[in-house]
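Two complexes, one shared chain (subunit A), two partners (subunit B, subunit C).
After this line comes the complex of A and B, so read on.
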């Protein structure tokens, strides 16, 4: 059978909705790659003490500190690295250059680095606009004040019993990663929150 | 009835001349409005109608709105002519602890007579009996400084902290912030207190980092600076929600239908339960006035003196025409002064103290050292009688027995307040006692600073200090200037000359005599007295009753209030609606749902769903003409066994394991050997807990030298991953291994049946060879399907058939099930659900959740030989315990009914034939049963002693719960294809 018989389907079918100036939309077309950066020797970077945490500025991995992110450009591909913990980074980039980007990641971090494609494991909701922070206040226990949770910061947290990753992409903009199978429950939770604060 | 914006229901009722508001709990005595705040014990009403109704709501805190519906409660007939008023006549029978002494006989009357009568008489208001249609929500707030109470101290603290730049939340239960500044006529910074309050609130409102939270009651102090608060958001608004969006959602979370139900057409939550995370807390909760106990002190028209000031000054309502004051302190005189200033006639001021009058107040008669011993007026106060026999006609008696600092929140971690003689009240005197919530300080009346300037100063100092300690630059501003008013008080609690009933707890009808009786009967501890008499156990939690009752008890015991101590104050500070605790988690939104990739397709097929954990899985797929689930399941099984069946198994846990030491890691996890598993091969693995019991099972495939994919049962997916991470991080941190849960990443379908290969050949790209030789049983491979789409194929079988599990990225899950069904159409492919899956695994003798229940060993499961003797792995050592390996230990066995027409039932216990069904005779239990359409009769799996050696023996399967006993034959657990010819086909 040819490949036209298998059509990719985003978890929420490409949902997008505006609530006044606030927008909630499913972010599709993202590649999400889990990278094991350091784990008791899991990544054997030559010349590097693999028991050291990959957080210092001089780290050969250029890994951001846990809870923060940065954007690297490798082989002309912009890749955002979300550091979830000391040994795990999510690399997020547009999926058009998926294979090139994965190759770029290998070029960047080494051929033996354990990477795992997670692109289908998450639904990503983009929430932006003036209501975004107050809406999240209803379901997210993280302190979202910008002095505490600045642009580029991220946190793994639970919202409405769902394990999520919250990433601040702008002053009034967030990206929230939730497990794909929870997509509809999670969308409902966020929609309800926006409604409740409008 | 008419009212004004800013009125409470209580102020509006008083303004409209309503004095009789309620009936008392036990004796159905007429009751009026007693206070002006959340401490109200009397004026409880039924708010709203139909399903929105809310009983036992305090009229004193209910903000008036146009169309508000409120009714009196707890009476038969009209409020004025309550048929239950006869209870007052029999009140001598209703003394403290009467329910412990009566209703004893005859025994048969308890359930048939007494209980129905008591239930009918009790309960104050009524629930609607319908589900609460109100909306509720929850939320999380963070701040540097949480200030509880927006009276003078709270406002001063908020200004000082806010001006320093700290993030402040200022919460107050009232809808109008200001606390006693709303009630009293003060001057602050040379301006009227009301103007100063308005300016302060405006300044705070202008600060981005300050959040004003009116109508927000902080009701509990919890660990680590976390506070519970309820914000009443829409309770004061006329419109009620028509149809909440977050209830009655489609069971399957039909997203499209949700979208049609536009949220904009519905209303907002009525209340929000906030969890507030505060680095510092300043408790400025003020103080509550307490009454004095004297004969018949419960009549409508007898009020707290401060409440009278509130109604007069804040709401412009005179609660009577002819006032009298009864006080033991200076504050009562201020009520007299304010009334006089408003031109309201005060007939008498009775001060229990034998001192010179502290004020001169108009033409009121001043009686120093006076005592009220009785009152008159059935449904409203008409007159009071003094100890000297003097009678004074009055329709409103303002009583002040002093003020209690509201220290409740300081006690939520177990601390007890300390007594201060100078103010005759309990305070958490500095240094704060142990068990006070961490990083909490107090200011103002809550801290015993009962005068205005002291409160402002303490608030300002606390706000500035807390901000400074958090690293903010302290404000250069000083505390607002004001005068300290006279506030002398005296320890006078009870008019002992009074022979009439003197109420201490108005809500629970607890009198001085009740406390005396409890003491006489041997109750000494204040906690015991509380429970015996029901003192302070109502919705007001005894805020006005506690201290006078403690004083009475102390006097009886010949000791002091200080030594008697208080009862323990626990959350909540004021009642919290149960709905607020539930929030939006109701009905189908009680918890989230996980939908597997085939969900939409399955719904379109009319599948019936079942919940497995959080997953909504297709249980079976009924077809037209199938009227019973068994028909459907039998068909699905037979179609699979005879042709090919497809089942969504994406819910099984999947863990990606990578690293140089991945094989070694897995070898330590499973009790059977894994170190030498070849690339491209899959192996069944048994995982033990440390205690040797089976934890989980599954297959693990080796995709590359350093790359494995482990599957777990659906139920244990998270637990196994957590276990693996613990092992990786804590037990073997030196191993080079990394774990990634990938359950969500892959849509995985089981394709089972003799035509499974035929079907797959239409899907898998031609470059991949599917023959038995090229891809034998337990093989695995990364392949491509449908023209280049990356997939993984595992030749594993839960059904016992020639079977595969095909995994593709989840985005293709929906398309893949459609494609598989389309490709298998000519071969009679059928989808099957969890029921058929279960039937087939029982037919094959595979253990599942019922067998892996945490109490069984590998030996019990007949897999003892799998436990490696050549390596160490978690649980191996303890699995070798002698008792667990006995020859006559429980063994997984098959069971068939001797009478094939009979149905087996899980839960039955095995008893030797002819023996009594007792625990001593118990030989094991039936764990799983099913009707096998393949065999044509019921079959079961179960555990029975030495089962492997007893095939052919007959025992009784006794089900005492259902009252059944069936003779069953012990057989091999492998009912079907014990040699495995099908799955190797």
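After this line comes the complex of A and C, so read on.
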């Protein structure tokens, strides 16, 4: 058993498919870390006592407001911070040099901030190309127009009854996070929707 | 119906579940209740409100059925898991105001303490 090493298996085996100029692919090799910021990204809110703290857009720690994201850099690592709600941020980065990335998060949010590794809990689909917006708008109720849902914005919502996080990574590019156990059903939903708008 | 979430912007009502009247936030202080004592209105030496049981009964069971503006609790189940207080007209379905229930509850606590 000495020579045995464990290798993570992506939920869809590294799926990739093109539909004309539109590409749907599984994003693999991502580290996904949940950060509970309830006492970390703290600001004083008028009319509240010191114990009533909340993360807000003018947070001194520069945590993104709910529904938006930003990127922090440290030691050539780019960490995307996706703010899901007032007290929960997902940090997403390429899984390498993870210790340095965790250190960067601790430097930003404090040594005692609760962080949870969720890397293998999600399946992430990357959808890019001219059909991506029209395919997604058929299966989610979020207004995807770029004036409203801009690059870097995200929404925690539901698609085909599956709880998802939808992130706009570019003009015609999205990343969609779904629970790993839904991987195949979720892929089927997105594939079907692309077929329907072709 | 679209609910304009104070933090996340407009979201479809299908992302939410409805609980009921926002009066549920105004739970009488259970510290003042003594359910063993059924004597409603009797003089109490321990500081309990004389009508404590009635207050709790009313809180649990009595609701106005308004044709017009109501304040309701909605839960953002498919989104960020927040509770909202939605001021909605039951005749027109027009939504006048959406607040975080947390803010409403904290403001109430703040007011009560200031009294």
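Please note the rule applied: the second predicted complex is superposed on the first by the 171 of 198 C-alpha atoms of A that agree within 3 Å, B and C clash if a C-alpha of one lies under 4 Å from a C-alpha of the other, contacts with A are read in each partner's own complex, and residues count from 1 in each chain.
FYI, a residue touches a chain if its C-beta (ideal position, glycine included) is under 8 Å from a C-beta of that chain, and two chains touch if they have at least 3 such contacts.
The structure presented is a predicted model; accordingly, all values stated were derived computationally and were not measured.
Asks: Between subunit B (first) and subunit C (second), which does A:196 come into contact with in this model arrangement: first, second, both, or neither?
Replies: After superposing on A, A:196 lies in contact with subunit B but is clear of subunit C.
Asks: With both complexes overlaid on chain A, does A:184 touch subunit B (first), subunit C (second), both or neither?
Replies: In the superposed model, A:184 contacts subunit B only, not subunit C.
Asks: Between subunit B (first) and subunit C (second), which does A:67 come into contact with in this model arrangement: first, second, both, or neither?
Replies: second
Asks: Scan A:158 for contacts with subunit B and subunit C and give back first, second, both or neither.
Replies: Only subunit C; A:158 stays clear of subunit B.
Asks: Using the touch definition from the top, say if A:120 reaches subunit B (first), subunit C (second), both or neither.
Replies: first
Asks: Determine, under the contact definition given at the top, whether A:84 touches first (subunit B), second (subunit C), both, or neither.
Replies: Touch status of A:84: second partner only.
Asks: In the superposed arrangement, which partner chain does A:169 touch: subunit B (first), subunit C (second), both, or neither?
Replies: neither
Asks: Does subunit B (first) or subunit C (second) touch A:148, or do both, or does neither?
Replies: In the superposed model, A:148 contacts both subunit B and subunit C.
Asks: Which parts of subunit A are in contact with subunit B and also with subunit C?
Replies: 141-143, 148
Asks: Please output the residues of subunit A touching subunit C within their complex, sorted ascending.
Replies: Within the complex, subunit A touches subunit C at residues 47-48, 52, 65-67, 84-86, 88, 141-143, 148, 155-158, 163.
Asks: So in the complex, which bits of subunit A are touching subunit B?
Replies: 1-13, 15, 17, 34, 36, 39-42, 44, 87, 114, 116-122, 137-145, 148, 160-162, 179-189, 191-196, 198
Asks: Using the touch definition up top, name the residues of subunit B that touch subunit A in the complex.
Replies: Residue positions touching the partner: 135, 137-142, 167, 245-246, 249, 253, 255, 258-259, 263-264, 266, 268-269, 272, 275, 277, 584-585, 589, 591-596, 615, 650, 656, 658-660, 706, 728, 732-738, 740, 742-746, 762-763, 785-789, 808-816, 819, 822-823.
Asks: Residues of subunit C touching subunit A in their complex?
Replies: My answer: residues 7-12, 14-15, 78-82, 106-107, 110.
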